[in-house]
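Comments concern the structure below.
First chain written, first letter: the chains are A, B, C, D and E, and each begins at residue 1.
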Amino acid sequence: MSFAIFAPELIILITACIVLFGEWFFKPVDRVKEKRGRNIGFVTIIGMFLSLGTLLGFKSTNFMLMESFFSSDKASFYHSFVLDDFALYFKAIIVFSSILTVLISFKYISEKIRNSGEFYSLICMATLGGMVISSANEMITFFLGIELLSISSYILSCMNKEDKKSSEAAMKYFVVGGLSSALTLYGFSLMFGLTGVIDFPSLASALGKLSQAPQPVSVILIIATVMSFAGLGYKIAAAPFHMWAPDVYEGAPTPVTAFLSITSKIAGFAAFSRFLQIFTNDLANQMIILIAIVSVITMCAGNFLALVQKDVKRMFAFSSIAHAGYILIGLIPLIKGNYDDFSSVLFYLTGYIFMNIGAFGAIMYFSKHTGSTEIESFAGVAKKSPFIAFVFSCCLVSLAGLPPFGGFTGKFYLFVSAVNSGYAWLAFVGALNSVVSLYYYVKIMKAMYLKDPEESIKWELPNAALTMAAIISIVGMLALFIMPYPFLQMAKIGF
Amino acid sequence: MIEFAVKNAWLVALLPLLSSIVITFLTRKSPVLSSRISRAFIFMALTLSSLICYEAVNDIDYVLQNSAGSLRWFTSGSFDFALSWKVDAVTAMMLVVVTLISTLVQLYSREYMEEYIHKGYSFSRYYAELSLFSFSMLLLVLTDNFLVLYAGWELVGVSSFLLIGFFFEKKSAPYAAKKAFLANRVGDFGFLLGILLIFTYTNTLNFDVAAAQIAAGKMTGGVLTLAAILTFFGAMGKSGQFPLHIWLPDAMEGPTPVSALIHAATMVAAGVYMVAKIMTIFAQATFPVLWGFNALDFIAAIGGITAIMAAFIAITQTDIKKILAYSTVSQLGFMILTLGMYSTEGGITPLGYTAGMFHLFTHAFFKAMLFLCSGSVIHACHTQDIFEMGGLRKKMPVTAITCLIGTAAISGAPGFAGFWSKDAMLDAIYEGNMFLFALAAIGATMTAFYMFRLYFLTFEGEYRGHGHPHEPGWRMKFPLIFLAIPSVLIGFVGTPWADYFKDFVHYTPVVKHATEHAAHHGPNWIVMGCSLAIFTVGTGLSFALYGKGDLSKSEALSLKMGGLFKASLNKLYIDEAYLWFIDKFVLAFAKASSLFDKFVIDMIVNVVSWACIGVAHFAKRMHSGNIQQYAMGVIVSVLLLIFAGTNYVYIAKQLPIYWVWITIGLILAVALSVLGYFGNLFKKILDSK
Amino acid sequence: MTLTLYHYLVLAALLFCVGVYGVLTSKNAVRVLMSLELAFAGVSVNLVAFSNYITPGQLTGQMFTIFIMTVSAAEAGVGLAIIFNVFKNFQTADMEKISTMKW
Amino acid sequence: MWKDKSFLIIFGVFSSAVLMLLISLVFGSVGLGKDLAFYFLSGLIVSSAIGVVTVPNLMHAGFLLVLTFVSTAGIYALLNADFLAGAQILINGGAVTIMMMFAVMLTNSSKDTDKIPYSYEYRFVAFVLSGLGLFLILILRTLGVNFNLLGGQMVSWAPSSWAIKEPISVSTTELIGKMFFEKYLVPFEVASVLLLMALIGAIVLALREKDIKEDLIETTEEIKELEEKVSTK
Amino acid sequence: MAVDSSVLNSLFLTLIVFFPILGGLVQLALPSSSVAKKIPHKVALGTTFITFIMSLILAMNFKPSTDPSSVFNFQFVDKFSWIPVLNSNYHIAVDGLSLPMVLLTSLIMIVAVLASWKIEKMPRMYFFLMMIMQTAVYGVFTSLDLLLFFVMWELELIPMYFLIGIWGGARREYAAMKFVLYTAFASAFMLIVFLGIYFNTGTFDYVQLVQGSKAFANLGMGIQVLAFVSLMICFAVKLPMVPFHTWLPDAHVEAPTALSIVLAGVLLKMGSYGMIRFGFGLFPDVMSAKNTILDLSFWLACLGTINIIYGAFLALAQTDMKRVIAYSSVSHMGFVLLGMAGMNANGLNGAILQMFTHGTITAMMFLFVGVVYDRTHTREIAKLGGLAQQMPIAGAFFVAISMAGVAVPGMNSFVSEFLVFAGSFQNHPYLCALAAFSVVIGAGYTLWLNERVFFGPLPSAWRGLPDINKIETFSVVLLMTIVIATGLYPALLLDIINPATKQIMMIMGIPA
């Protein structure tokens, strides 16, 4: 058995263990807690970078020595864990997004969270969960990956222990998450009952055969599908399973919100993409319609409810719901088996990292100084910190899907894939929704630029990590717009 | 020299433009220099046009062959729009009239406007605008295509606008300027459409070619008549024909020399000139469109109405310039009426055409002179109300005599220029339509009456004003005297016995076609008798009422006439009707559409956005904060999706696929929000316990 | 009347639904947790039944159940920790009171 | 003490649990009264589960939860899952429920909450949704479905048959142990990470602040103070 | 200044398009101490001036097509692969249709920069945004790739939002938001149509689309009409066409003077440019369909006429000086629609020329509103009056501008309006006649405004107002020179435009 394919995960796991005892390791070195927190963060980032490097190494050396590697059931862990291009790409962006999330959270964590070692450790665990999902090829691993991600997210949401909101958020996340897990499991169990298998490839072929089955079977299949869909939809906060999201995003510590809205969402989509492969034939068609309708509801719910929000974090919850809606469009080609167009999802997710990292970095920075995440409290911040405000605006513009940023290219590519799959109306709805979204994104810009600050003293400059994250974010967004081709090539993966 | 002038006829128009440009850009700061430059340039233009006219009189064929020229202006598609010009007899005549009167008026203005210069008005601006006007008028006159004609047409409107509004700090002057421009624009609207019609059908803008095309049958029947009538709208606007005459009296707000030049002699004649110039088109527009009227009928009717209406109004006016203005309108009405005459054979009477042109020619001199006289009087008395004048003959003999000559001329005193031209016109109308003849006769009588009324009230009797009026300087006197000569003598070029003018004018290719078959006929003694009678009656009445400087008789008469007097004094309430229409319809409609824009169209936009926000405000209640609410939401959604999914097979058979799902999605959304709402309700019930 | 798969499925469904009902209606956070456990138990019964009837001898379902048990235990542990935290901050475990964030 | 209701319940629960186990094992091995055992156990499961979600006292609910789990273990046993049955009793019936009990006691939940339940209307809606809606859909749609449509086609070493098979009797423990280290190695490892994570998480969340507070030096000012103290000494 | 065209051909147009952004980046790099010395202003002026010179060089080296058989005359082509997956290129070039627009943009931007000479609030940011907008506008006018066009189209949104939102008037936030949402809403339609075109033909390239499969030509009239109408809605909002016009007055009233100039002068032209380029180019069958019930040219003429008349009446009813001119823009842009509806060379030439003329003239109008507002701090017409006594030069210029506004000969608007009428009269005489009545109403509101603001007695409040300064004079003289030069000799522009028009006619299959 070759454990080498676990290398990225193992590195993350080791990092998790190291930083878990980080407080203890670094105590002799750094007596100041803040510094210590930062150093632990560095270790986390280094570990994650190693993991990312391993992933890229896999990709570049064409690690798919699959011929020999998957020659036996044993060597491939009976296909429960695969390492195809899809998994590699998802893992890479999951780890990358985690790195950026950690990068923007240094300050916040060392200031507000007591147990920074545990915090980073949990972040690593959650990332690990996401990576497991990306590679999972059977229900149990899949489910465990989701739970690994979910449970660590519950804990992370609760990390501001003195904060009422934080614990409330964790509670909400936990209860809804638990119920959703139960639903998913029930759906899985029905599928298992119908087919007798739990690994996705066999499931796909079995369900393919079943799709011609007489009516009662197809009905129970629909029930199973919908129930599993509910659980996965909850993970990406797709309406109507999104209701937890705003409260949790609002209550959770901001780095965790960033993590939930980026890494967790990407992992959710990894899960979705993995899961959707099991649908073929007639079932696929029904699934497409289900996804289309859910994506419309999600887009609309996200965008419309975001219109009336007053809290930036809460607004970003709805924004991320809306984006889940857009991305869901891109899953349609996946079900159709058009993997070229599916790369739009990967591309969009890549862009989504850059946009949200910049935005959450800015939110953290601003809310630290204003002491609030209300939009109104951001009034005139552009005068106090022009650079971060500029980056934030760029991110918002990109989120709204306007050029010259990656958000535009990504969204355009998503719509392209929708039209290509014969769902032009979906692209149209998406485009109209982007217009609606423009309203609330612009509202933030309005607060930042058009309003006058209460006092005009300039704030201290953002720390190096945040600056770096901001630059990465803006450069990334621009790069995705100006030369999207390399990224598209990368995202264009074979299964 | 003559050859140069003929071959470079465009120079006549260009010279004033040059002077305008030089004044605007170079000598703006020095008024006297500006005036000199302007006068020099216009004098050069006068010289050139005199040479052209001389050559035209001598050898019209030479002029016709050598004066034409064309420049490509722009190309659209494969059609070249050209700046083209050509001198024919009418043009040659107009060139002289325009440049001559321009020259005289510019000279006159040098003195007249001096007092305004001291008040801070820019002399340079005045002369630049005058030059611009001369250019526009000459452009209009010189060209031989519709587009440039239209351009010149507009440009004279603009310069007229500028000059009327010269005293821009007054409230009335800019108002009058705007009114003039707008009234002209109404006419131009029709003119433009007429041109477009002709252009669309004949695919040319050249007068001659268009006429030929029409003759060739490219444009016939109702369309042609319509085009002719629409084109005539332009003339109605520019020449102050009913119902677009309202701007002309108001235009007297401009400086008096301007009135003399633009609103008496040249620009207002442009309409008449235009109708004459494209007479062939009118002549062929014989298809009756409305109640059996064709284009010329329409023209004649409008002219007749205008002539008598304006004369009627002029009788009671007290403002010296307004009287002259209405007289101008009336005289223009005569010209138009005459132009609209056609013989019973269906062709155009050459007499109508030539008589109209002749009156245009003579009228230019004596009306310009009358205006200049009035300017002299106003200059002296600082008022325009003739009831505050009187007895000025003793104080201003030159002005009085020239004014008398002008009055005699316009009233048709035998031997004076006006007599011959009016006689020719009446002759033409007599040939055409007796009813209109009667109308014209009455109008002419009224002309004699009110013109002498003006003369008597101003120059005879006792002085009723304040101050000490005196003769103006030589710059103002010279034009008066100079114009008096043609006012007396010029008529002799067109006597019924030796109608040189007719021979000259009708030798114009444009109208040649229509007029060549017409016979040369001698004097019509009946008409001449009528003319004499008209003059006698009008003058006599006027003398009886005002001759002795005693106003009581006229006041008594006016009281006796009551309604008629009031109607005349208030200009038949036409202005009021216009204002009422504009206020109650145009502006009201504008305001209504503004409200419509604000409260309907814009409101729809706003309502959409409010609706979005409103929906969001409603739907956000589903996030009630209660955890179990959310859990319930998940369960409900799952149930609904299951329900939809399991029944979709059945539903899909009847309905198109998307609609089912969209409906289900909507139901889901509504259910969720209702659930959220009721969840909240439950909470309230709970709280109340 | 012999025992069939359906007997077990009905039992599992009942257990699951009772769990869901509990999640929806319990005022106390701990009871919500208990209800969740019930729901998981329902799923487990389902899986074991399928395992026994559909893939006899293969034990796939049973393996699944073992992992579900693990996860549910972990979830219970974390859930209780969260409930403690909530209790510390709110001084109550009343689900209804844990709703300061809304709209 | 004997009159205490809770003691009675505890006693009742445990005794019946043991009884259940015995009955199921006996009946199962004999192969006679499986039906009887199933109906008995499921009756117990359902009634105690309903009890869990409805009884006013949370302590009682906890005990009923134990009963449910133990009875479920019986069901597992009926389904030839002997290892699972044992694990169920140990993990769920023991550890998890005991944690619940602790939680109930620590949060004083049995005293104040649940005295005022959700309104009748709300519970009715919930009942309709879960009890009628979900349950009926699950039941009605499940009954009559031939779950073994694919039979053994997908499973290489299972006998293929269209009929619903009777449970077979094999001891599963050994097999499960093997599978953990072969086919289910990855999930096994992930599960271990998950447990580790849950452990960390639970500790982090449950740890009192004051426990970790004292030996922390918060800011640079404090360090300076300390240094000053040292230098003055 | 003719330069060897082979030198110019490579990347010269790209340089023009992106030069403003370079200038904008320089703005960002300026130290804050430079603001006091108006360095940002000067840098911006320099940038716009250099782009202006470059576009003049471009225009001088542009060779109008003489080949009667070719339907394209794209010159200065820059084409690089951008997103090969989507078969989308960076493909820009100019032809007779876009060159006047590029020139107009260069010109208007100079005036806009000069008009913002008094900006003291964050000038570096201001000019940065303005320069981005300039690049976007250039991009719109030169893109031959649908995707690139769309990108440039959207790129202009956010700078505009900030420019109105930060430097605007009292209700700026509302106006800016309305502008952004309206335009973004409209571009959603365009996006979908472009996507549809891409999937039907597999290319975003305009040239290929016109030469090969014309967008939806293979899909039947229904789909074509649908796509065409969707595309038109997008452009109609920008144009703006009644009933999608209500963002315009708000945006104009709240925008700073320079922005109003750019908005009216250039941005509105994007809509009409798109209509002509893509409406005519990609949907020739729809546009020229006469046999169907859906005679689109008729509807276009209807809408154009409504625009003209309705806009004119609205302008008549306004009490705010800027609103009058904003609505006059609506009216004047209607001529572009009407000209297009003519479906012949005259109409189309008129429409394109009208785009240019309206750009120059309305820019001056707004400049003067700015002049008046700067001095009196009010735009209420009722409060103004007699300003010509205090500001004689301004008064004189405003009269000239009004004259240009009412299409007096000698001004370029005369030619364009005449061509529009001449063109549309052939197809839709009655509608054209109705529209032609605007020569009266248009003169009405323009001269009335003129009268009420500059003429008549001077209220005592406005005594001692300074006349227009040198910068403003320079701007207005610059524009007025262009207006008169192209008015006296329209062939300057029409010789460039006319070949392009003929080519469009050829695409449409109509003999020019």
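Note that a contact is a pair of C-beta atoms (placed from the backbone, for glycine too) under 8 Å apart; a residue touches a chain by one contact, two chains touch by 3 or more.
What you are looking at is a predicted structure, and each value in this text was computed from that prediction instead of being measured.
Participant: Among all chains, which one's averaged Cα position is nearest the averaged Cα position of every protein chain shown?
Facilitator: E
Participant: Taking each chain's centre as the mean of its CA atoms, which one is farthest from the centre of chain B?
Facilitator: D
Participant: Is the C-beta contact count larger for A-E or for B-C?
Facilitator: A-E
Participant: Based only on mean CA positions, could you tell me how far chain A sits from chain B in angstrom?
Facilitator: Each chain reduced to its C-alpha mean, chain A and chain B end up 74 Å apart.
Participant: Please compute the C-alpha centroid of chain C, do the same for chain D, then give the distance between them in whole Å.
Facilitator: 7
Participant: Determine the centre-to-centre distance between chain B and chain D, using the mean Cα coordinates as centres, and give it in whole Å.
Facilitator: The mean C-alpha positions of chain B and chain D differ by 99 Å.
Participant: Taking each chain's centre as the mean of its CA atoms, how far is chain C from chain E in angstrom?
Facilitator: Comparing mean C-alpha positions, chain E is 65 Å from chain C.
Participant: Multi-chain contacts in chain C: which residues touch at least two other chains?
Facilitator: In chain C, the residues touching two or more other chains are 9, 16, 19-20, 23-26, 29, 32-33, 49-50, 54-55, 58, 63, 67, 71, 74-75, 78, 81-83, 85, 95-96, 98-103.
Participant: Going by the contact rule already set, what residues in chain A reach two or more other chains?
Facilitator: Answer for chain A, listing residues that touch two or more other chains: 140, 144, 147, 151, 154-155, 158, 161-162, 171-172, 175, 179, 190, 193, 196-197, 219, 223, 246-247, 308, 439.
Participant: What are the residues of chain D that contact at least two other chains?
Facilitator: 116, 118, 122, 126, 129-130, 134, 137-138, 141-142, 147-148, 155, 158, 183-184, 187, 191, 194, 197-198, 201-202, 204-205
Participant: Going by the touch rule stated at the top, which chains touch which?
Facilitator: Once each pair is checked, the touching ones are A-B, A-C, A-D, A-E, B-C, B-D, B-E, C-D.
Participant: Over in the complex, which chain C residues touch chain B? Could you list them?
Facilitator: Answer in residue numbers: 20, 23-26, 32, 95-96, 98-103.
Participant: How about chain B: which of its residues touch chain E in the complex?
Facilitator: By the definition above, chain B touches chain E via 72-79, 122, 125, 147, 150-152, 154-155, 157-158, 161-162, 165, 168-171, 173-175, 177-178, 181-182, 185-186, 188-189, 192-193, 196-197, 199-200, 586-587, 589-591, 593-594, 597, 601-602, 604-605, 609.
Participant: Which part of chain A faces chain E closely enough to touch in the complex?
Facilitator: Within the complex, chain A touches chain E at residues 393, 397, 400, 402-404, 408-409, 412-413, 415-416, 419-420, 424, 427-428, 431-432, 434-435, 438-439, 442, 445-446, 449-450, 484-485, 488-489, 492.
Participant: Which of the residues in chain D come into contact with chain B in the complex?
Facilitator: 116, 118-119, 121-122, 125-126, 129-130, 133-134, 137, 141
Participant: Which chain B residues qualify as touching chain D in the complex?
Facilitator: Checking each residue of chain B against chain D gives 628, 632, 635-636, 638-639, 642-643, 646, 679, 682, 685-686, 689.
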